[in-house]
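Naming follows writing order (A, B, C and D), and every chain is counted from residue 1.
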């Protein structure tokens, strides 16, 4: 799939003149979380990860004045056509809604009633349980196919593929009581990602996602069978890199499975 | 495949100066149906859905002053190189032709004789039978392959894949006598799309397409064996989203079929 | 693969100021055959058809003052980085070389010694035997794989796939002694493309290519086993459309073959 | 994957105003090795060769005043977002570090601590042993899959595919004591690429890579099992072309292997 040109000069970007001067000023920074969500969603759309309005991304403003601010893309919107003013802004830990796209002038929203992302409690879980800086949710077909190959299994595992080294090595710190990154995974490590079963409503995944996160301290992702994957990282760029590496590994794993090659190498 | 850059500044867009001032003014709006047809066709071309001049899209001006106006891309033209003035404009319910690209100055048409799309009666059927806002026709290889796997079957069915939730849940309203959207499909629903057999001439599909639309009140699409698919929606963006989601599901279905995984989950 | 942005404003296009004023004026027309070769090669590169300097395209100036002028991309050059002044210009029927990129100022050529395309005699054959307006040569993997599946066969055949209708129906005209287009192929027609075996040197394909063209009056292409395909058309845009449609059909045929589905439907 | 638009006008390119005037002047040339690394990485990212910060490229300034200068992309950086000032600059033969991105103003580096590429000793080996002008390292899935199909084999071999002709024919010159290019490979030649086993740390590949380079005087690449490939050429554009051709051949080889077609044709 091909999103509108990534260039910022494309005429399909709605003019901001209807926004308040404060918002116009705020969105001038290309690294503003709302702008990054738009940019990454166009990239993800090109990868077939967020088609048909599925998938999404949320970013916590870890480097900003208030690191409890979380920007989340709304529900049911074409992800590759997102505009920065379409994000919901919530504040941790209460998830208090500070701003919604329904506050934006009608000239831009065309009276569309925005709803919060169904993924919100899942994204929030990543921030609460892992201090994530961003969380990405895709409907990657590689994730769907791999969970189908592992229909009755609870986890996906692969070892001895170089790309594994892009993932972080995590360990529970007894003092801080937190999962911390102590380095990167090794080539010979076994990457294990838990798989939870899908539920009719996305928010109903929250309990099983949280349980998987707690039971798998080494993971940076949770696969959802017949649905996709949630991947988080300490910053948005780390989340992006981890997501790319995991999707690459899932794609290779599907090919290996089809070829009858074991995913975990016997040593 | 890669269409010319989606950016509006590309020099391959024919200059409009040869158009009448009225038409130039009309096409300034990027959301004009004729402009949207061009934009979406470039996207569809990138997806290998409208190569070799196949496929197409038509849009009804549902939000305009006259919602009976329908813009249709002409026949046998490279879809990714369409210009807004190349569309046929018809008016429902009589399909009276209000404007054709053959009315456009020769400076732009280079004396090419445009013909109405062979898909016209099929597009019109979607408007007549389902009040569609737009109808998309692709030659998606996923559609072709899936109908080949189901060579003697009359329908495609799949369940328990998250992407199904992008499709609308439709129900016949006894009072209005119309099929109406009452929500979205559920993850555990069985998505069923009728398959009709291809005919030598596209317009000869009309009867079987209309029959399939009537017999499958829950569908938003009709597969044409060894040919492609027709997908409609209440607006152009809904049609686009439904088409993306269905194509994703067809692609996954082909992979599942090749892997021997049942498309409909036994519960 | 992704070529530099198709937009004409990209800075990777070498400045023309070193060219003579006449050439600068000549290349202002985006539809100049030399410019079209560049544009199409970028598109073909994106499709993996002309990687590693393989493949190419030549265009005859059918609508120009002298329809015997033929522009041909040089040998061994990265096709997606071609510049219009890099083409060889020959004149039929003697193939007299009128212009070569070696005539261009060194400031642009960087003293590179251009060689005529190895495909030249093959391109010329299409012009001589079929009055083609353009000829495209790709190293499409779909072509390579299909000729491998048909290792000892002399032709590729497929029927009953809608995309076949993009190809022209050709017939020998007893009066003009030429093969002429009398319409388009039908859905139920059997599309037959001859396969010739590859030779160590591309020019050595000339005899077998000419023989195939003569023995298959209905074809618009010749497959070269383990190599790729040559496709021609009455104009460059027809050649492009035919090439797209054939490549789509080869891709579907590979999938059908892998699935054990007959390419020609028994009726 | 889709990198930011290749156009140079994209706003994601960091402003250079924070750089010294000398560096700003240096990077004005689009053919500066540092700029070429950025451009090629965006292309490679689109091909899924350098996702998750994997892979890389280094270029020796063969045509510059000092052909011992080597530019190398840093470790662990998103390759498609590289900026020219992020390169390490070393000088052969001692690999003396002349410039690092850690010398660049914090305004651009955001205090990020750059590390030299893990591939450095491997790149340097190509320059030392083969007088390469550039060396490309990708995590191509075609390379990974092919080395998995050849799990216990020491080399990959394929013959009688046209694309082989893009690779150089190399021969040891008794007088100069160097491996030299004496032409291009032939269609009927057997292309042989050695496979070395992966190691936990990339630099530990150096010995086996050097051994493979010495034992295979005809090769322009070394495959690393379950990891990817290193490809070099006499200039950056040759390296790019060889890499494209080899990746094409690996992709075809995977398809041939899955179809049970021998890679080396019996003659």
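Definition applied: a residue touches a chain if its C-beta (ideal position, glycine included) is under 8 Å from a C-beta of that chain, and two chains touch if they have at least 3 such contacts.
All values derive from a computational prediction rather than experimental measurement.
Colleague: Using only Cα atoms to place each chain's centre, name the chain farthest from subunit D.
Modeller: Farthest from subunit D by mean C-alpha position: B.
Colleague: For copies subunit A and subunit D, work out whether under half or over half of the interface numbers are shared, and give different or same accordingly.
Modeller: Here the answer is different, because the shared fraction of interface numbers falls below one half.
Colleague: Centre to centre, by mean C-alpha position, how many angstrom separate subunit A and subunit B?
Modeller: 31
Colleague: Just how far, in Å, is the C-alpha centre of subunit D from the one of subunit B?
Modeller: Roughly 43 Å, centre to centre.
Colleague: Out of subunit A, which residues touch more than one other chain, so two or more?
Modeller: 2-3, 5, 7, 9
Colleague: Quick one: in the complex, what on subunit C touches subunit D?
Modeller: Answer in residue numbers: 1-5, 7, 9-12, 48, 51-54, 78, 139, 141, 144-145, 148-149, 151, 198-200, 224, 226-228, 258.
Colleague: Mind listing the subunit B positions that touch subunit A in their complex?
Modeller: Residues of subunit B touching subunit A: 2-3, 5-9, 30, 39, 42-43, 46-47, 160-163, 165-166, 186-188, 237, 240-242, 244-245, 247-248, 251-252, 255-256, 259, 261.
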